[in-house]
Amino acid sequence: MTYKATKVVIITEKVIFDGVADIIEEMGGTGYTVVAAGGRGSRGVRSASGASIVDAFRNIKVEVIVSELAMAEKIADAVAERYFQNYSGITYLEEVDILRPHKFHH
Amino acid sequence: MTYKATKVVIITEKVIFDGVADIIEEMGGTGYTVVAAGGRGSRGVRSASGASIVDAFRNIKVEVIVSELAMAEKIADAVAERYFQNYSGITYLEEVDILRPHKFHH
Amino acid sequence: MTYKATKVVIITEKVIFDGVADIIEEMGGTGYTVVAAGGRGSRGVRSASGASIVDAFRNIKVEVIVSELAMAEKIADAVAERYFQNYSGITYLEEVDILRPHKFHH
Amino acid sequence: MDLVADFLSRLVTQFQSPALAFLIGGMALAAFRSQLEIPDAIYKFAVFMLLMRIGIEGGLEIRDASFAEMLLPALVTIALGCLIVLLGRFTLAYLPGVKMEDAIATAGLFGAVSASTLAAAMVILEEEDIFYEAWVPALYPFMDIPALVLAIVLANLHLAKQDGASGNGPKIWSIIKDSLRGSALSALILGLALGLLTRPEQVFEGFYDPLFRGLLSILMLIMGMEAYQRLNELRKVAHWYAVYAFAAPLTHGLIAFGLGYLLHVTTGFSPGGVVLLSVLAGSSSDISGPPTLRAAIPTANPSSYIGSSTSIGTPVAIAIGIPLYLALAQMVF
Amino acid sequence: MDLVADFLSRLVTQFQSPALAFLIGGMALAAFRSQLEIPDAIYKFAVFMLLMRIGIEGGLEIRDASFAEMLLPALVTIALGCLIVLLGRFTLAYLPGVKMEDAIATAGLFGAVSASTLAAAMVILEEEDIFYEAWVPALYPFMDIPALVLAIVLANLHLAKQDGASGNGPKIWSIIKDSLRGSALSALILGLALGLLTRPEQVFEGFYDPLFRGLLSILMLIMGMEAYQRLNELRKVAHWYAVYAFAAPLTHGLIAFGLGYLLHVTTGFSPGGVVLLSVLAGSSSDISGPPTLRAAIPTANPSSYIGSSTSIGTPVAIAIGIPLYLALAQMVF
Amino acid sequence: MDLVADFLSRLVTQFQSPALAFLIGGMALAAFRSQLEIPDAIYKFAVFMLLMRIGIEGGLEIRDASFAEMLLPALVTIALGCLIVLLGRFTLAYLPGVKMEDAIATAGLFGAVSASTLAAAMVILEEEDIFYEAWVPALYPFMDIPALVLAIVLANLHLAKQDGASGNGPKIWSIIKDSLRGSALSALILGLALGLLTRPEQVFEGFYDPLFRGLLSILMLIMGMEAYQRLNELRKVAHWYAVYAFAAPLTHGLIAFGLGYLLHVTTGFSPGGVVLLSVLAGSSSDISGPPTLRAAIPTANPSSYIGSSTSIGTPVAIAIGIPLYLALAQMVF
């Protein structure tokens, strides 16, 4: 038996990670997972390896699973609004099936 | 031409990786992909960088693509049942479209 | 308000990353995200950590968000065709919801 | 009261010694929420280098030592590892709010050994020109393995009894193998074997030995940062863990001092050796102990044992334990 | 024309000096698109070691120095940090195609200090046997923090005015705290504290000091690779950045030289100290400056300030600045 | 039978020499499934340091050597690289179960050079006080590049013929550029350039040289672990690879010894130089060879060439090859 939930994915600069985590918490997310990433977008290449003098500019990919679509959209919107004018980043949603819905409620 | 398949995602402590890989194999998964991750959940923050004396407690994110939903659920259930009472972790499923279905059969 | 888009996922050997990035660009992708990965598939285990003399053989996971399914399929097919006879790798598609569609057009 | 005065004056000097100073420096950085990060690769490499240095020197020395001379100390070391676990099993475990498995795992960790605490003591002994048999640090696994094995066995016995199941019991040999395979013991034993069987003198003197102190200072810094950061894990568990974590290192060290003293009287075990034996007993494992326990006693809460050991146990073992045993040695020898 | 001749001959020798040679080697590798990669962990560790080395030696020295002796140089250093930012604010910012915030951030970065440039100068002074007060490198934060703080304050004032909002202004104390928490200043201050309060002589002489030159050579290599790779970021912004990035290090260095000369005349500040003060002023931050500015002036375009500093500022500060101040010192002292 | 006795006695001593001891230690750890891990950053850094050390010393030496003196040995080295590939192409490729591309790629890897094998031989020669021209190790690229280029060209010719297509042939210059851009040759050439054109003596003597032996010991450990772990890749391919991997290093080394002996007689090439030339020929590439081949001969199965080289080729080249050439040198010179 599985339940529908939504995964919010945020790919952005490492330097604003704390702010993103705060937004997730404020909006009611129960947790998140983060991995180191590199990438290319409208604002140039960001490598994921090798010594870089400005490591803090590398990307992270944050994933948050929430049980309600509305909360997912709120998180994605809040991050985009607060940061994406000045920092590079993208955000999108995916539908997922969870097994233990209580883990994603407060 | 694409075919529907299911991706099982397991985010859990690095220390039980071998056990998770065994379950995947037993249940018939043809392969998996694993990335290093950090995160926050009901059991506290796990950082993904910097020297940590207990590196083995960091997270991994394992993804398994299987062609049948039933096998996906079996893998997710088996991992949750064997480990998630004592180890922190979550698991969820996603629908994906694959191009070469034979890769995910035995 | 969200819009449907497609995520192409390519998991393959690090050594062909540049070629994969070229294909993405040629086919019209506006960006990509890449993370380091390990895994097991039909061609054996690839570890994601520890000193390995042949680091270049480790995996990467590349994700590309495109607004049109057709382009997604073209990217996946092109990578598979050019590389997957000789290099190990898999590719699949996922449906995602994006918030700012203009980011994924040229 | 000479002992107290001597201990206090040592304590003051000790706070200026690099080992402790870096430990405190690390705590201060973490308390101030500094973003300084020692990369994980450097941490792992430093641990490897320390254990290789201890192992190679031990191996070189054992070559010349008579095994007979080492036999009794080794037996005492094994006994100490077991005794510490049993002590914890029959004290900590009965305190209010403490779960049996958590107590056993914690005692196992305090029975096991910390390579960096040991290295810090070695450096201090060398600074003070106090002789010790160079094979003493190589007694490490003789305390580490029995303590971890006994803790895991006891925890499993307890769980089996609780479940009412007879169980097939934990496989002792497989626990020992897992311990030996851990990165810490592997490096130590590799070093021992190289020292014992090959001629690594040049690479030892030109590389492993000269980098020892420096890498130790970096490890101490990391231990300090970890100690502070894990303090709040300790807040999540019963207060008794803090009490145990403070008292246990000193108690264990003093017991070991007593036994070491007997060895001294009977076999001529050196005073420096007695101090190191006390340090082995007083230290608690920080590298390979935690993952071994996490895998083998999954129901035990890691916050309890890692919090106790890293946040309080190790700082106490270094900052109070080492000067205490030195002062004692000064007095009794 | 003695100065010119001396400077040119120094310039030639300098190109053979390891610091500059590795810098140029790094640029050549990047230009040739070499796949050589120095792992990030090694880079971070090398930076940590450099700053610890500078800090510990500074701390050991301050212990013996009179604070009075350091007071005036410290004040001059603070003044220099602020002056550099104001200079940039009132020149660069008014050039065509330059946005005010970008200009202020760039000036902030050039006011701040580069540990590797400083270390390169220290090595060269030691090679040439030129004395300097060992606490001079420890003036680092006295220039770094004021420059960054002032730049952030000015940028916020500008933005507040632009928005028409009164704003509640940037919190100066929190900017200072963030600076101090950054990995570079944390390591420097940790080293200072250890040198000042403890006895780290042995670990300093056996580890931090002997590895200094070697790790510096590796940092220089990395700086060279980065300088080349970031050149094309500079192409994305107004040409004036390139002009500023070339002229600013030398202008700042010469102003500092003048002030240092006054200190020499009035307080007996050593010629070597004057050179290092010029190097501090002429260098631009490469480690902790950029992320601090990125977080605190989010609207500023990082390509402008990182491109200017890394691609042109640092190479000029090392390759032209250092021999220039040395030649000057030779002439006037 | 002096040779045999000498070789055997050397073999025994060799097993106690640090280089081989660490190699075997690594194998033992992997066989015992130890969890010891040397971080990738340390591995990359150690390789970089080794190649810089070889390069800088080579460069410093070439400065004083006459190019004329080096010309003939360099030509012989190039010839050896090509000869080894051709040998493999016309023996291994015709064995049952062996695919042509796999054979060519394997021969290419055995023609190319292993920095760690070379470094191990250098350390042993220094230990035995055997002189060699310091530019000999810098012959590395003269064997490495021709071997890889020739292998890639031959493989492409073969594939083009198979496809019936005329093809436009592989671009030799682009293969050479890719080789030079690889991390190994980049570091070596950077070192050479620095040694040749600048004054890196101090940083060489204070950093690159003293860390050489120690880092080599760590590389040997890693090579040992890899050798064992990749043995099962070798099980997936034809048995003939194992035969080739065992016989090829010694055959290549002995051919090189012969040619080196001729150089000795005609140009006075030193006996130590002859030994190193044999080691260059006998070694097989472990760092930059594999990815170069993987990219340039995609249809070749990496299990065949990496398995052969890492699991058998390198251990044989170090454990049997080096003492064999030393014993030979003892006999004939």
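The letters A, B, C, D, E and F name the chains in turn, as written, and every chain counts its residues from 1.
The working rule: a residue touches a chain if its C-beta (ideal position, glycine included) is under 8 Å from a C-beta of that chain, and two chains touch if they have at least 3 such contacts.
The structure presented is a predicted model; accordingly, all values stated were derived computationally and were not measured.
A.B. asks: Among the other chains, which touch chain A and chain B together?
C.D. replies: Chains that touch both chain A and chain B, as defined above, are C.
A.B. asks: Suppose chain centres are the mean of their C-alpha atoms. Which chain sits farthest from chain E?
C.D. replies: In terms of C-alpha centroids, the chain at the greatest distance from chain E is B.
A.B. asks: How far is the middle of chain D from the middle of chain E, if each middle is the mean of its Cα atoms, in Å?
C.D. replies: 42
A.B. asks: Report the inter-chain centroid distance for chain C and chain D in whole angstrom, where each centroid is the mean of the CA atoms.
C.D. replies: 46
A.B. asks: Could you grab the centroid distance between chain B and chain F? Build each centroid from C-alpha atoms only and quote it in angstrom.
C.D. replies: 41
A.B. asks: In chain B, which residues are in touch with two or more of the other chains?
C.D. replies: 35-36, 49, 94-95
A.B. asks: Quick check on chain F: which residues sit in contact with 2+ other chains?
C.D. replies: Only 37-42, 44, 211 qualify.
A.B. asks: Run through the chains and report each pair that touches.
C.D. replies: Touching chain pairs, listed by label, come out as A-B, A-C, A-E, B-C, B-D, C-F, D-E, D-F, E-F.
A.B. asks: Can you tell me which positions in chain C touch chain F when the two form their complex?
C.D. replies: Chain C residues touching chain F: 13, 15-16, 44, 49-57, 83, 86-87.
A.B. asks: What residues on chain C touch chain B, complex-wise?
C.D. replies: By the definition above, chain C touches chain B via 9, 11, 35-42, 48-49, 59, 61, 73, 76-77, 80, 90-95.
A.B. asks: Which of the residues in chain E come into contact with chain A in the complex?
C.D. replies: The touching residues are 37-40, 42-44, 222-223, 226, 233, 286-287, 290-291, 294-295, 298-299, 302-303, 306, 310.
A.B. asks: Provide the residue numbers of chain E that touch chain F in the complex, in ascending order.
C.D. replies: Touching chain F: residues 15-18, 21-22, 25, 28-29, 32-42, 127, 210-211, 213-215, 217, 221 of chain E.
A.B. asks: Touching residues of chain C toward chain A in the complex: what are they?
C.D. replies: Spelled out, the residues of chain C in touch with chain A are 2, 5, 7, 21, 30-36, 65, 94-100, 103.
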